Structures are given as C-alpha cells and as structure tokens.
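Next come two complexes, and both contain subunit A; in the first it sits with subunit B, in the second with subunit C.
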Partner chain A sequence: MFIRTDDKITTTQTSIFITDSVLGAGILTLPRSVIEAAQTPDVWLSVIVGGFIVILVALVMVKLSQQFPNHTVYQYAKRIVGTVPGGMLSVCLIIYFIVIAGFEVRVFAEVTMYYLLEGTPIWAIVIPFIWVGAYISSGGINSIARVFQIIFPISIFILVLSYFLSIRIFEIDNLRPVLSEGLVPVFKGLKSTVLIFTGFEVIMNLVAHMQHPEKAVKATFTGIGIPFVLYLMTVIVVIGGMSVDSVLNSTWPTIDLLRSFEITGLIFERFEFPFLVIWMMQLFCNFTSFYFNASLGISQVFGFKIQTVIFGLIPAIFITTLLPERINEVFKLGDSIGKMGIALFFLVPVLLSFIFIFRKKVLKQNV
Partner chain B sequence: MITLWAAILSKLPDWKMFTQAFLSMFIAIGIYYVNKFLRSLVINKGTPAQRENDGKQQADHSNLTVDYEDNLNAIKQVIGSNSDVHFREFEATKLRARAVLIFIDGLQNGEQINGCMMRILMSDTGANLTDISPLGLSTYLLDKVLPVCEAYEAKELHDLNQSILMGCTALLIEGMPSALLIHSSSMKNREINEPSSEALLRGPRIGFTEVLSENTSMLRRQGCNESLEINSYEVGARIKRKLVIAYIKDIVNPDLLQEVRDRIETIHMDFIAESGYIEQLIEDDYLSPFQQAHNTERPDRVISGLLEGRIAILLDGTPFALIVPVTFSMLLQSPEDYYDRWLPGTFLRLLRFFAAFLALMAPALYISFISFHPGLIPTELAVTIIETRQGVPFPSLIEVLILEISIEILREAGIRLPKPIGPAMGIVGGLIIGEAAVQAGIVSPFLVIVVAVTAISSFSIPVYSAGITLRILRFGGMLCASVLGMFGTILFFLILCGHLSKLKSFGVPYVTPISPFRFSDWKDLFIRAPLPLMKKRPKMMKTQDKKRMS
Partner chain C sequence: MYRHKYVLIIGLLSSLVVIQGCWSSKEIEDLSVYAGLALDVGERTAMERDLESQGAKYYKRDLVTATVQIVPIKSFERQEKSKEKQVLKYSNLRLTGDSVFEIMRQYSTRRDRPVIGHHLKVIVVSTKLAQQQNMDQLMDFVLRDNDIRPSCRVFFSKGRAYDTFLSDQPEEVPSFRINSLIQNSYRTNKVLQEVNLTQLDGLIHSKQSFLLQNIVTSNGQIEFAGAGIIKGDKGKWIGDLNQENVESVSWVKGTGQGGVIKSYDWRNETISYEIKSMKSKTTVKLKGDALSFHVAIESTGRLIENWDPEENPSEMAYLERAEKVFEERLKKMIDNLMWKMQTKYKVDVAGFGKHLSIKYPHKWKEVKGNWDEVFSQVPVTFDITFKITDFGSSTK
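Moving on, here comes the complex of A and B:
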C-alpha cells in the first residue's frame, strides 16, 4: 500500500514514544528527590532496582494489552469488567494523565521562568506551550510519533554529550562508600525512583496502535531501557560531580551541575544552554504524549470527537498547571502523582488481569 | 488521591485564571476554524468547472464532407478571419482537382511545402489517377505520393482547425472527405543552454528548453532504456497544452502512478502557463510554506529521480520539469553530490544542512540571545556585543528587521537588474549600506555579520524555491523569538516539526527517512555514502524493483 490510511506506528516509533513519555521532568528532579529519600550516595542502586521493577510492571501491561488486539485500555477495560466499572477505571487513568500533563507544563514553566524568562507571567509561557501541544496532538498518533522521532536523536545526543563533558568534575569519591549503611536506604530511595518512570502507562494504549503488536515486548524493553540508562547516568554524573550535600541544597541539581564547569574554546562555555533547549523539547514531547492519551481516553470513553476533546482539555490542563501555588507544592504534586501511579497500577493492569484470567480460566467465558 | 483532592479543594482557582483558561481555548478553536475555512475554500471548486467544460466540448463536433467548397468555407468561417492563416489554393494537376494548403505564418517549414507538396501535386506526371475513388485518395497520397514522415489524416473539423493552429499544414483536395495534416512545423526555439537556476561545476551542462518534444528527447538521450515510459495528456480548457508524465515502468510504484494520473486529470483551468500552475493545482496542502513538487531544469536530475521511483511531469512551453513526490532531503541535495567523490559530496551536503539551519534560525537566535538571554553566551562575547549595540536606538527585533528587509529588497532588485550592473549593485547594497548603517548607529556591526551570514547561507541552498521557503519562515522565527526569546524559538521549531511531520507529498511523508525512520535511506541523507554501498533504491518510494546494483 503506497498511501497509508491506517493510523498505526512502527515498532521503533513505539519505543521512542515510550521513551519520550517517561523521560521528562525527572532528569532535573530525580537526583534531589531520590537523595532526599535515601540520604546516601547509593541511590544509583535504587535506580537500577526501580528500573527492573518498572520493566516487570510494564510487561504485565503489555501482556494484558496483547490479549485485545486493536483495543486500547479504555476499550478493553469495559470488556473485562463491564461498561460502568471499566469506564470508571478509564476516568481514573484519564485524570492521572491530565494531572501529569499539567505537572510537566508546570515544571517546564518554573524552569523557564527561573533560567530563561524572568518576570514573564506564567500564562504567557503555559498557553503557547499547550497550543503547540494541541496542534501536534490533533494530527493523530502517527504525526505525534513522527515529531518524537525528529526530536529524539537530537535530545539524546546533547544529553549524553553534556553528561560526557561533565566528567571533568566527576569525582568517584562522591559515590563512595558503597552500601555503607546497608540496603535500607536503597529501598527507601526506591519509592522515588519508581515514580520517576511514571508515564510508561501509555504502553496500554500504544499496543493497540502498533503495526506489529506482537513486537510490543521488545518495544517496551527498548522504550524503558533508554530512559533507564539515561536516568542512571543522570544520578551517577550528578552525584559524582556535586556530592550528596550540594545536591540536597539545589532545586534543579542537573542544571546546577552543568553550570558549575566551563569549557573554554567552544561557542558555549557552559553546557546548560543546549541542555535546557533539548530538555524543553523533551518535556514538550512528554507533555504531548499525556495530552494525546488523555484526549484519546475521553473520546473513547464518552464518545466525543477527538478534536473536540483536544480543545476541551486546553482549559483543564491550564487550570491543573496553575493549581499549585509555590514550587514546593509542585514537587508535592509530583510525589502524589507517583502515588497515584502505584495505585493505578494495582487498579488497572493487575486488577484487570486477575479478572480477565479468572473469567477466562475459571468461568470459561469468552471475553 | 486524598491529598490531591484536598489540595484541589483548598485552592479553587479564581475567576482570572478561568478567564485565561477559556480564552486560550476559544482562541485555539478560532485558529482551528480559520484554518478549516481556508482549506474548504480550495476543495469545493473542482466539480462545477468540470461539468461546464464537458458541455462546451461537445458543441462543435462535425465531420468534413465530400464537398470541397463546403469544407473550405467551414474552415474559413472558424479560423479564416485570422490574418496569419494562409490559404494557398492551386490545381493539383495530376488529380485534375482543386486543392488548398492551409497553414499558419511562421509555424511551417516553407521549403518542405514548396519542395514536396507543391511540386509533386502540381507537376504533371502524366499518370492517370482519376480512376482512384475519392475515398481511397487520402490513403493513396499518404502511401505513395507524399514523401513526408509525419503526415496523417483528419476527418473531424474541430480537430483539423486545432491542428492547423498548432502548426500543421493541412491539405484539402476536391472530392476527398478528409484532410491531410502534414507536420512541418519549424518553430524557432532557443538553443540548449546551461540551466541558469541550477548551475554546476561538474556534471552535464544541458538544460531543458521550452519545447516539450526536445525535453522528452533529452530524457531519452540520457541512455537507452525501453522501460522509460512517457505518457501524454492535454491540459487547459481554453488554450490546450501538452503535458507528459515520465516514469520507469518497472520501478515506479503503480499506486503512486495512479495517484499522479488522477490528480492531473482533475486539473481544470483555461490555461496552464507554466509548470508552477501544475504544481499548485495538484499539491497536497496549499497552506504549507514547503513545496510539494520539485522543479528542475536538469535532465540528469529528472532521470535520477525517475530511477529512484519518482515521477516527472513535463509541460510544453517551460523548461521547468516537476518531480513528484518530493521529500525534505531532496531540497538540500544537488546532483553534484553524486558526481564528486563521496567525501566531498558528504562534506558539501553537511555544509548545506548547516547553512539551511543558519538561514532559518540565525536572526531568531540573535534576537533571543541579545534581548532575552545575554547571560547564556560567553561573557566576553556578550560584553563586546552589548558595547557595540549601545548606540542603537531600536529593540533588537526592529534592528534585525531593518537589515533583513533591506537585504531581501536588494536580492529582489538584483534579479531585475541588467547583468552588467548586478554585481556592482550587490557591492553598493551589501557593503556600503551595511557599513553606513553601522556608522549611522542604526544597527550594530555584529548584526551585519549575522545578516550577511544568513543571506549567504540561504544562497547555498541548491533549490531556489526551497531557499524562498526558508527566507519566509525566517521572519516567523524572528517574530517568535522577539516575543518569547529562546522559548519562542523552540516553540517555532516544534511547530515546524509538527507541520513537517503532518505534511505529505503524494502520500510520502515529507521528512522521511528521518521519520518514519528508515535507516537504510540515511545513506543518502546527511551523508552521501560511497556508491558501492548504495545498492538499493530508497525504501520510501516503495519501488517495484528494489535493487540498483546486483
């Protein structure tokens, strides 16, 4: 077929979609939040353990979604538990996505106002951002995935390059001693490292849009593997470069790390500027992903046209964004998003899988 | 969940926030409907024109009769009032019948008419031809008498008139119910020159001309190939013109071919003046700043496009051929990339990508750095720039606009100027005005560098119309940057990415192979891989024959 009429995405696009949904505000906030919880430099172990937990969770979601080809979670939830309970589960998921979207925009606005546009009113930053997100979302999943594909290589390149350059202030002693206080802090840190991967829930919708849904497991592995590696690098590089104490005292430790060294001879002496640029684009992808998934959910649960929903969500996201008044509340909101994520994990994929298996194996029903 | 609800309930947003929220929604909806309305303006226009056109064509279809006088009068009635239509009546001696040659002044080859037609028909050979029936006469003349290779019979009056006007010589003989059309046109046309819009250092110096048959023959002459197919169409309702589509039969994707044919058949316009008309009438998205058909004057470029599985559209009367579908990467490629060795080819191509980036973004970056984030550039540089800008009375947007617009005017003027004055004006405009503007304190010297680099960069783009696209978009980038600084520039880039990823040219995504990602096509994107590595045709065209080399 030369002219494609189906709105499907390839396996690579799925991986990038997942990566872009996971890799967002966490790059800036992860080092501090995880050290606040654990208080030791061993937090990189927490990231590793957290990553594995998340991959297992994602596998459950993929396996469940693969049982219902061409159905998103909003559609198969209804088939498993009935229209009304399924719809309620979907509404929880939609609210979750809207809140994350609002959170991402807020973090974006905070960073922009702090580093780039001091004194600019917050609505002037938030509204154009949401508009561009709406423009891209209205193109359907295929054009969203394509935009991600254009931005992805640029951002990964700059990200890795800035980390690589910060090796000059890296001191291995900042990461030592390993496991001086035993494994307890590692598990304490786990709480915030699992939260950092929030967003991979979109996989439950993506499987339905894949050209080859049978490759969803592979796509998920790559899609979570890339942010996993990048988060691990972030934590190691930031702690190695700044030490635990200074990370605790900084609002955006990753940017502070990049501000703390200069490379003479390059056009940009400090790498914080290109880093901020790609981080903004990355956060935009992150936001668009949640925006689209929330709109898709509303349109599938309530039967609206997706274009109408995209417009309707503009004020909803705008208000969510401006709800927290101070930056501490923003971070608190981030924590509650993580908790919501865990609750939703038990509510949606686990509960649904149990009921699905129960109905299929025990009651021998054809779901 | 509970903490979240508590947080929400304790701080219900005030009315100001609600106003902003809903205002933002309504503005977005407004933009959406304006866009939809603009698109609907174009789509609904195809059908009525077509119907009207069909009705007109059926009106005057009548055949020639046996009666010579009637035929002649009928022709004279339609085209006889033109002063350049000549009727040369004579007696065809050996047929013992009256005959007339009808031709247009300046379109026919006089020697051929004199030498072949008149001499043979008027000379008395003595042979008795009167026993040939009038119906068989035309066949007899074509088969035995006339030594002309392009001659055929016309029975229908309307067609006959058209052919005469197109440059054929018509021969009407008493008693013959049809006319003979002798193709003796010798229209004067210019010589084959090197294409001025796409000059190359290395590569063939041949360019298309205004004559379609010459252009198609140039394609044929690229090399012997029996699967190169050239199909002819007629476009234009009032003034008809020939249009051909060329493709390689066993490479092109049949669905694409059908799509191109369908779109060409929807063209309903009274006159197609240039291939630019075709481009605009068959493109996918008329609101896009990007071109969706590639225009070129170079036969080598067309033929390599055909070998990639693309389709060429050539129109009579213009040296510009169209290649469809077009992808973004094509706009920054030059045939020279392939003629040189791969290392220089790659270098030049990377340079062009960089130049395109500069041409698009440099002024926007200047504005956002100077007006919004001087802290982000190295301190010494920032201090230097700000020192030189101290006397400038305008904000950086106005400063940039002054210089950018004058450069654009200068460029536009440079095209119109006679050749001997052109370079001189360039020097006067570029150097003197720039220097004087700095001296006068209207702009800063650093900006002159930025604008000059931008202008030079946009010249390095090998496709002229793509250069214009970037020049237009540059102003959009500047406006975004002047409102929101770096953030605005990023938003501009994101909108551009969003638009490009939605845009398709004949069903092919515009930014493939970057996205949808096709790694094997990257060999011919930013780099130009060594030829032995490029064994396969681009995947994006979904060709029938995948291999270039065995």
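Moving on, here comes the complex of A and C:
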C-alpha cells in the first residue's frame, strides 16, 4: 500500500475525521438531555435546527482557516490578534480539548463499568485507552486519519443496524403531537442539540493539514452531515421506541432502547452488547481526535516537540478523567464542556473573522 | 540498535498485562440464572419462620415476598443421562423483605451460586400487592439494575404470583411458558399486547391509567384471563377487565391481530367469525368546551363456523344478515367495556387520551391531571362495519 510521507490528509479523510470527532458519548444521552430541555416530542426539529446552526458556524471557521494556508488556529490566531492574546486564546482551546478528551474517556468508562465489565476497576479501563490513543497520536495526523477510516464504516454500520432492528418497538404515536406547544420548546431544545455537535471545531486545525484545502467546505458539509443524520435518527428512533416519559427516566436512553427488545434467531439476541463494544471504538476515535488537537496546540504555542507533548499529556488526561466522583458530576462536566464549546467556538471564529476583515479591509494591513 | 531491542522487549512484555482476558468474567456454571420474578404480598413461609426462629433475622418490614425462578443449568445434562428419573427443570426460591434488591442479595445466604438477572424474562405481580404498593416502587429496582433487561415482560396474577411459577409439567419452565403465551396475541385478541419494562416505565410516569395482562392459576395450569387496571394518579391496581373487555379494548384501539367473534343467529345457533383484519379510527370532536369521541371500526373476516343447518352461508343475503349479528355482538361487548371504563372504574385504558393529546394538545394539557374523571363524562359513539369476505372451504 502506498504510504504517504508528507503529513497531509485527503478530503474524504477530513470528512471522516470531522465525523469521528463529533460522534462520541453524546449519542448515548442525547435523547434525554434534549427532552429534558424541551419537554415535548418535537425535539427532532431541534436537532435539524441545531445542525444548521452548527454548519453555518463551521463554514465561518473553514473560510477563516482558508485565509491562512498551512496554518492551524493556534498559529493564525497569533497573526490576527497578536502573540499574547492569540496565545491566551490558544491556551483556552487546549484546555478545552484536554477536558473534553478526559470527559469522553470517563463516559466510556462509566458505561463499560455498568453494562459490560462490572467489577473491573476504572483505571484498568482508562489507562490502556489513553496509552493506545497516545500511540496513535504520535504517528501524526495521517495515521490517525487512516485508523478513523477503518473504524468509521464498522461503527456506523452497527449503529444503523441496531436502530433498524429497533423498528419493531417503534410507535409513531410516541412522536406525536407535533408542535403541540409551538416553536418555543424547539428552541429550548437547541441548547442541547448544538452541544452534541461539539468536536467539529477540529476543522480549524484540519484545513491546515488538508492536501486540497480548497475542498474544505465540501469536507465540512459531509463531515457534519453524517452525524447530523445519525443524531436525527437517534432522536426519532429512541423516542418512537420508548416514549417521552420513558426516555426522561432513563440514564442512558439509547442503550435502554437496545435493551428493550430481543431478537431470537439472529447471531445476537441482545444488541446492546455489540453496539457498546463497537461504540467503544467510536469513542476511541473521538478521544484520539481531541487528544491530538490538544497536543498539537501545546507544541505549536509553546514550541515543544509534539512527541514529548503527547506523552506528557497522558497524566493530565488521566487526572481529568478521574476528577468527577459522582455520575452527576460527569454529566455536569458534560454540560460545562458544551457551554465552554459554545463560548469558545462560536465567539472565537466570529471574533477572529471580524478582526481579520477589519484589519484587512479597513486598516489595509497585510495580515 | 541494542537499546531499541531492549525497549521493544519491555514494551511487548508489558503489553501482556492488558491482554489478560476479561477481568470480571464469571463462569455461568457458578451462577444461578433466574428467568422469572414473582412479587407477592409479604408473607413469610413456614421455612422462613423456622430459619428466623434460629436467628436468621435482619432489620426489615415484611412487605414483599419475592420468588425467583431459577433455571438450573446442570439439570439439563443430568436429564439426558438418566431418563428414568425426571428432574424438575426449575426451582423456586422465596424470601420476604421490603427491598427487592436486598432480597436478591439475601438469596446469597441461602444458595451457593449467586442469582443473576441477565436472563429475566417475566415479572409477575399479584394484584393484591399492586393494590397495596405503588407499581413505581415495585418496579424501581428492576428498572435501575444493570443486569435485568428492560425487555422483560410484566404481568398480573389474580391469585398468588408464586402459583404462576408452578407447573404440572415437570419438563416445562413456567416462566418460559408465560413468556411464550403472550406471543399468542395473533391467535386471539383476548391476549393483551405485551408490556415490557420500558413501556411500563413510560406508562407509570405518564400518570395515566393502563392495563396489564392478568394470569389465573389452577393446580399448575395457567390461563390469561383479562387484565388488571392500574389507576394512573395512584399507580395502584383498582380492578379487572374480563377477557371480553380485553377483546373490546383491542377493537377500540384497532390493535388486534386476529381472533374470533362468536354469536348466535336468529334460531339461536352458534355462528363464528374469524377476524382477518381490523381497523379503527377514532375522531375527536371539541365544540366549545364539549368533548366527544367517535370510533369507526371496520373489519373483514371469514364465516368459519355455522351450526345452523337451515342456512346456506354461500348466499349473499345470509352473509349480510350474519354480518349484522356479529356487529351487534361486538356493539354489546364494547358497551360493556365502556360501562366499566366510564361508570364502574372511571378510567380510560383504551387510548382515548392519546387521541385527544394528538388532536387538541391544549385541551389535553388542561384535562391531563384528571383525565379519568373527565373521560367518564365524555360521550363516545361507535360505528361498526363487518364484512364477511368468504365462507371457507365449505359452501353449505
């Protein structure tokens, strides 16, 4: 097989990279969090609206990144607003990426310990996960992208298959009435549907690594489009299969949906197990993506060698993973990450773009 | 180069740590797999009283007697080897307490192999217990637990729930029998559609009334007999519907997959109608503040039994006359159901509330809190149309 020597990724790889950065632990709790906010079955509309907002923001990010070929957000932030403010901004992004990486591992560990490996201590689950993540990250973006390419079709297939099999308990009446309380609940639901797309921010670093940066818009559309469709499916299938009241009472509604039926005669009678095992790989991709982006940031902002940073980050991520003691704190951390994500990634690109256009058009500076 | 080899060896050796295999694996032979859970009103058995008198006591109230039906793995092998002696394929274990989880763990003081809930298929609750305790309380543990799957089905038992776990057929596991029986709803609409834990959770928390399949027992035989009503706001059992009422519910909801309507013709001879399809359409009318429902039921079927030798079922006129007889019979059945729902128990268990919530969500929000009371005053009209499409393989 042809092995690339330059650390560039193709357009398809970019799309998969974005998809794998978005699809993570959120899918396990999405139906509950969005219904908690909206209280009606119309939340699938929130997912649609949320998806469009996210695509718009992603477009701003791509357009901005395309102005600085071969530069990641850590590098061009400095050029737009100066070394110190740009550096501070980058540090915020780095902290965000570390926390979210730790969070993904923690959710993975919680679900695994409850449903799959009862009795296995948390460190035994978390440490190998981080090790392997560190190993892949040290191979550079190209090897990460290739691993993602292998895992992506498998995990999506199992997910869609599981949803397809749950059709037997699907009842359309659970999704009705539509818009019984107008559009207000739909907008309330937006709060959590925008959050689940966190992860798409990696596009600000990916454009610099693309072989054809001019195709970044297309890659972003596909990359966000796939999770968009899957999230929409998740919300519809889970609410249709379980009813609003039941989803509200479930800690992990998507897993409970798969636990609510048995299929006799197929290879697997119970689909939560293959789903959880495969989804573990998806969470791994998710984690690796954030891990790599955090390491990249530290090495570019502070000028360390990336290998050193990757291995140095292992304890930092391990500690973030184990920081929350109760599951409530884990969920709370998830909420805070979402809020941080909105603050950082909705304001940063917009603000940077604004300053960039201002300096270029009004002050006629060469940025 | 030498140093690299050294690092590699260390790396490979340390990787052995992570490929040890499953840390938390347990051999299935060391576990007791239970397939059924029966919950009864707390009543200590003679053996329990005896054990307690010798000091096997702990701090509890005797609210619930939980029975687990264990399917012993070993008995299967044994049976194949020695055919002469039939070994019971199940064993029931009973304990009393006031926390289902504590009882589950208490079994470990009685059995060498701990019980494990991965393969729990049916939960039977006695109506007497459901009258005393909230369903929400009784189902809390099974919904929270990680081993018990929410695909597990829930039933009521008219007598002791423990009795449904006994069988006069030694080679039969009673909880599997109950589990398979529910699938017969395509043969007769006297069998209610299954209610699993996920659905039950939703039903309980919607605070609306609902039905659970009733089981009656006699000397190791069981029968599905009607359904128990859980009153939404209290979450407790308040009464029963009989088999015909359950049939009628399936007609009103249009959910039945098959079954029979039997009636007597003008000479008082038996005639039976085999349901091929049933459809029902409920329309909600809201004029000002006055609410009303109209249910249009349509069905096609076959004249499958005729005890009247004077008549010729292949004649059009006869079929049309027979259709009227069946329509009237169903009308009577539904009237009885409506009387029970609106007058006797004052509950809506036939999904009228759902229709209202879809059509007039604002009105629903207003009456949701005391829907059962509101429903008892709402006029409901029916329009039943039967069509006998064929008369089977004999013309006479």
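Structural remarks
FYI, the second predicted complex is superposed on the first by the 361 of 367 C-alpha atoms of A that agree within 3 Å, B and C clash if a C-alpha of one lies under 4 Å from a C-alpha of the other, contacts with A are read in each partner's own complex, and residues count from 1 in each chain.
Rule of thumb we're sticking to: a residue touches a chain if its C-beta (ideal position, glycine included) is under 8 Å from a C-beta of that chain, and two chains touch if they have at least 3 such contacts.
None of these values were measured; they are calculated from a predicted model.
Of the two partner chains placed by the overlay, neither subunit B nor subunit C lies in contact with A:43.
In the superposition on chain A, contact of A:130 is made with subunit B only, not with subunit C. By the touch criterion defined above, A:173 reaches subunit C but does not reach subunit B. Touch criterion met: A:151 reaches subunit B, while subunit C stays clear of it.
Set against each other, subunit B and subunit C touch different numbers of residues in subunit A, with B touching more. By the touch criterion defined above, A:114 lies against subunit C but remains apart from subunit B after alignment on the C-alpha atoms of chain A. Shared-chain residue A:245: touches subunit C; no touch with subunit B.
Judged by the touch definition given at the top, the superposed model places A:259 against subunit C, while subunit B stays out of reach. In the superposition on chain A, A:203 makes contact with neither subunit B nor subunit C.
Of the two partner chains, subunit B is the only one touched by A:323; subunit C is not.
When the two complexes are laid over each other on chain A, subunit A has residues 117, 120, 124, 128, 270 in contact with both subunit B and subunit C.
Of all residues in subunit C, those touching subunit A in their complex are 18, 22-24, 143, 146, 149-151, 196-199, 201-206, 354, 357-359, 361-362, 364-365. By the touch rule above, subunit A contacts subunit C in their complex via residues 114-115, 117-120, 124, 128, 169, 173, 176-177, 180-181, 241-246, 248-250, 256-257, 259-262, 270. Every residue of subunit B that touches subunit A in the complex is listed here, in rising order: 1, 3-4, 7-8, 11, 13, 17-18, 20-22, 24-25, 27-29, 32, 253, 255-256, 259, 372-373, 376-379, 484-488, 490-491, 493-495, 497-498, 500-502, 506-507, 509, 511, 514-517, 542. Subunit A makes touch with subunit B in their complex at residues 1-4, 10, 12-13, 99, 112, 116-117, 120, 123-125, 127-132, 134-136, 138-139, 143, 145-151, 267-270, 272-273, 276-277, 280-281, 284, 307, 311-312, 314-316, 318-319, 322-325, 329, 332-333, 336, 339-340, 343.
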